[in-house]
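For reference, the structure is listed below as structure tokens.
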Amino acid sequence: MKNYSQRSGEIGDFSDIPFWKKADAADLVYVSYGLLIVTLVVVSYLLGAFHLLPHDPHDIRLDLMMSPPGTAGHLLGTDFMGRDIFSRLIVGIQAYFLPGLLAVAISLIGGSTLGVLAGYRGGMADTAITYFTNLVDSFPRLVLILLVVAAFKPDIYYIMIVVGLTNVPVVASLVKGKILFLKQKNFVEAAVSLGLPARTIILKHILWYNCRSLLIIQATLGMGEAILMETSLSYLGFGVQEPSPSWGNMVQAGANYFMQGKFWPSTAPALAILFTIMGFHLLGDGLNNLLEGKRGR
Amino acid sequence: MPKTILEVIDLKKHFFHRKGLFSAFSGEERRIPAVDGVSFYLKENETVGLVGESGCGKTTIGRTVLRLAAPTSGRILFDDKDITTATTEQLRKLRGQMQMIFQDLDAALNPKMRIRDILREAITVHHKVSDEEVSRRIGELLEQVNLKKGKLSNFPHELSGGEKRRVGIARVLSVGPRLIVADEPTSALDVSIQAQVVNLLRDLQSQLGLSYLFISHDLRVVELISHKVAVMYLGKIVEMGLSGRIAHAPKHPYTHILWSSLVEKQSKESSSATRNTQSGIWGVFDFERPYSGCRFAPRCPVYESQGRPTVCTDPASEPQLRDIGDGHQVACHFPL
Amino acid sequence: MRLSGLRPIALVLTREVMITVLLLLGVSFVVFVILYLAPGDPFSMLVEGQVQSEEARAGAREALGFSQSWYSQYFSWVTQMLQGDFGTSIRTGLPVASELVFVGFNTLILTIGSMLVTLLIAVPIALYSSVRGTTALSWPLTMFAYVVSALPVFWLGYIVIYIFMHRFGLFPLMTSSSRGFSWLYALLPIVVLGVGNGTISEVIRSLRDEMGRVMSEDYIRTARAKGASVWKHSFKEGFLIPVTEIIAAKIPFILGGAVIVEQVFNWPGMGRMAWQAAQDRDFPVIMGIAMLAAVFVRMGSMFQRVVYVMVNPRASKE
Amino acid sequence: MKNAPLLKIEDLRTYFYSRSKQAFIRSVDGVNLEIRRGETLGVVGESGSGKSITALSVLGLISGGPGVIAGKILFGSNGEQKDLLDGLEGYVKIGREQNRIMQVSKDVLGWERRSDEVMRTIRGGEIAMIFQNPKASLNPFTPVGKQITEAIRLHTKITDAQEAAERAIYWLKRVKIDSPALRFDNYPFGLSGGMCQRAMIAMALACEPALLIADEPTTGLDATIQSKIVDLLAELKSELGTTTMLISHDISVISRLSDSVVVMYGGTVVEYGPVRDILTASISSKHPYTSALLASIPGEEHVRDKVALQAIEGDVLDTINIPAGCRFYARCNRVTPKIRENCERREPDLREIAPGHRARCWLYFD
């Protein structure tokens, strides 16, 4: 059974219907959850940056080694060196926050530039960008990162530059697609024929009005991607190195104890990864549906 | 004697399609002569209609004339000035005087902008104008296109087709053009709304002294609104003249077929006579089919009834437009 | 009829092979540039690694020299590679090429298996939700997809290993000493990578959207209007083409995931080897792996193109 | 029974729902019409008048909720009369406020299943349909001939592939496609729009349906091709005598091919009658919408005298916002003071104003 009902009263002016009534309930839940996660991440980042933590994350307490969650003062327990897991989780955000923003910035700026070049100018630029996309797609991202790590040094910023660069084609093709859609509707031509300068058309009409939601969504997805990459590489031992905490190297450090049935040292960061990445994904998809109206009529 | 505002001399616009990735090396290209040597002129306060089947190049002419696309060869004179090689910046200035109405209702309307902002932007493109002046101009434009003020704060998707078209026209008028290329301005609209738009365009012409290049496949509308009509076939004008003569005394077999197909649909009993003139019309209409001589010959009933004269298919004697009196021009070896 | 049907496929294949060659050259160039710019001149190390004997190496050093221009260095390296010489591993001293065959095969099994697992999970969900729209089941299914896509695959691996170790008393790690190929050893990593490669929700979404788009095409309406099977008519465009596209597009992601899963399960594949090589700065190995991975990816997209051309009569005309 | 109409639609309602406006789009809102055996019924109307949705509702091809919510579609091809919406009430609950439907609960999936069951033998076999935009309406992945063969094998006694193929070629020839045997193997992308529409017509007629629904068969084609398609339809009509429901916004097409005409506006029928009464007779005895529509089409006299067209003021009715009174009231130029109140408040019925001629207008009754 599906229910449909019309508002009683005068139809005609719909502007007084609040946006959350028009939207799909699921999307609102997605976006609220996503925003909650983003807020938590930002707040935790700031807490970590100013060292406002329950415990010093580097404070080794051999007497408290492997205390289970709930031990007095240690909400999530301690790890194999007796360090507070909760504090280390908060500090772990330092590992990906700024590098992740860098990756997102690279992909958005690079992607919209190339996308505009390919979509607006077309021709050779388009062909070149297609090849660039194919080239980037030919590398598994992680293999490329391993190569860079081996050649230079295992530095999280190097890794994030690669992540950002490899996301450039994704953003570029989306921006290009949008421009081609607008072109197909003669929108760009109409703007040119009105006499608008190319700068206004590209910056104001294309990027600002028509690509902004797309870019916001890509930013959230890109951040999720960056977190995944950072944690994966730290897990593999190439990202953030002990004793600096990262969610990835925390999982790795807890792995041996996991097999002994002591779950918490690796489960806490793993769940943090799960819920955070999910938050960014849900935020992206929810925003996509809200702003672009993928569902319903 | 009204001044000539637009003159097009032997305009050609060819599109090149590369056949694939490696064709750049092999030089294998597909050439589509969308516009293949077209000449005509448009006087001030006059309307020239451009008709033809889809894909015959009429829209391309409109775009090229406004230099939205660069011509392959030929010359375009606007106000006796050659704009064929004008720079982007020169063109941008010229756009204050020549405008285009697009077939797609949404073309002129940024979906994320309110109608007021769309009009404001258009008003301020070419002139620096104060805010009061902008609102005064907006009010004036709304009156000209007969649109309610309440619509100003709406977004484009909240408007009906007719309203969108009116906003599009208001946007075009806001820069104060003298020449408007109207590309199928009524085809996306309902019959009852079409009539409103046709009337509006005619009123605007008499009020503002506009000149129209009116592109449409709707023969009745073209006949109604145009002073002169040019009939296009495969990138060429095959007949041109006063609209009444084109409609009622066509000389080119193709023009005859176009107009009789209108009557055909209506008349209950299609006479065998008209049916005969249409024989052979099933030939597919496209640029890729090779032809030599007259490009209409493969579909031409006269060519058939004359016993396929060689002059029609001789590459050396492609029929050219020639005057047969009263400014009526036809490109046919055997005019009706 | 049959033969004329094969011609476009052959054409596409040649085209794709040419593109692949071009892209592999590009890949090798990117690899070269990275190593060329890296500190400690790893590229010279690499070229040296390709030369077997000590005397020859000295000769090569002389021949190549540090003063030599970058393009001749690149050229000589590519020529060596084309002759099947990927150099010798710095760590083991063995020729890289023969090892690549072994690890490549292992990873290929892992990749193909995981792809199948991903599709087995994603396709039914996508079909269900594209046909049924929103139902009571959509919410849990969607959530499942999101959770699975955000799940760190290494941790998922631990859980699975833990369960098997404690519940079934099995130790599902592929150790170097293990002889033979136990199906369980093979199956677990495949399932873990298939579930945890992070692409499931995207696969579901793109399949569902594509199916939905095709279902609203005019020709599907025609099929319904004439009483024909909608599935039959939508199969090619709504299922076959998007699935092959997904396979081609997701291979790099699965290969990336393989690096981690092979690590967790001690699977002797490319990923583990790449990890080891990155730690040792064993450039001949890591390069060889990068090239091999690129070959895998291109093979996937070649497969997709061939299917597309076979299915779409229009594509073969172009 | 013999004189019963082939298709009789009673009070059909097909709604859609706009989430953003929280309101129903009342695309088809109480349509009544009938098609007699052997006749061609023309359905004229502008966009949003509900003409295509009515046709799709008949075949049960509406997707998107709530869809068909009320009415009867009586179809009787071989003796018995069958309601194609039989049992619909079991799947739909309707809530009204002041005689207007404001709530609908529908078991959409259940109804779809049930409808597919009822329609299984009807679709393609008893009722065939051709669509606007023929190029997109043919499966681009299958040769044209195969698509026709499929229809033949589904709905006729011919099940042998070879025989069906021969039959398909016969029909391709019948719709005047030159070298039909060659075209048989062509994919739709290799054919022109006119050719595709011919193939669609062949596919629809190959199963010898009792009713053919042609939804805007000429729209989007070039003028010369349009007239050729109309010629073909006229010829097939005289040869086969297939009962046809012809939907078009193009009045010239309707007037050429139809015996009776239905004029639709804003989701209802506003006028019904023989074609000569409605599309050619004097203004006096017609629905104001019909006469205004006819007047707004450019004709000989406009061109000759260079006079302005008589446009209908205002906009096409938005079927979300249906007024309480006459749907055409806001745009009507023939409201008299005497009937004004009725026009504004109450919707008129579709009533007979002359033998065989019905209109929905207060002008003709009080």
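Lettered A, B, C and D in written order, each chain numbered from 1.
We adopt the following convention: a residue touches a chain if its C-beta (ideal position, glycine included) is under 8 Å from a C-beta of that chain, and two chains touch if they have at least 3 such contacts.
From a predicted model like this one, the values you see are computed outputs, not experimental measurements.
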Exercise for review: Have a look at A-C versus B-D and report the one with more C-beta pairs in contact.
Suggested key: A-C
Check your understanding: Using each chain's Cα centroid, which is most distant from the centroid of chain B?
Key -> C
**Study point:** Distance between the centres, which are taken as Cα means, of chain D and chain B, whole angstrom
**Key:** 33
**Study point:** Distance from the mean Cα position of chain C to that of chain A, given in whole angstrom
**Key:** 23
Review point. Chain A to chain D: how many Å between their CA centres?
Key: 50
Point to revise | Centre distance in Å when chain A and chain B are each reduced to the mean of their C-alpha atoms | key: 49
Study note, to complete from the structure: Residues in chain D with touches to at least two other chains are numbered 108
Revision key, fill the gap. Residues of chain C that touch two or more other chains sit at 19
**Study point:** Of all residues in chain D, those that touch chain A in their complex
**Key:** 15-24, 64-66, 95, 97, 101-108, 320-321
Review point. In their complex, what parts of chain C are in touch with chain D?
Key: 132-133, 215-219, 221-228, 233, 236-237, 311-314, 317
**Study point:** chain D partner contacts - residues on chain B that touch it in the complex
**Key:** 53-54, 160-163, 190-196, 198-199, 202-203, 217, 219-221, 223-224, 243-244, 247, 257-258, 260-262, 264-268, 270, 275, 278, 281-282, 284-285
**Study point:** Residues of chain D defined as touching chain B within the complex
**Key:** 46-47, 176, 178, 192, 194-195, 218, 222-224, 226-228, 230-231, 234, 249-253, 255-256, 292-293, 296-299, 302-303, 308-313, 315-316, 318
Check your understanding: Quick one: in the complex, what on chain A touches chain C?
Key -> 26, 131, 134-135, 137-144, 146-152, 224, 228, 231-232, 235-238, 248, 251-252, 255, 258-259, 261, 266-267, 270, 273-278, 281-282
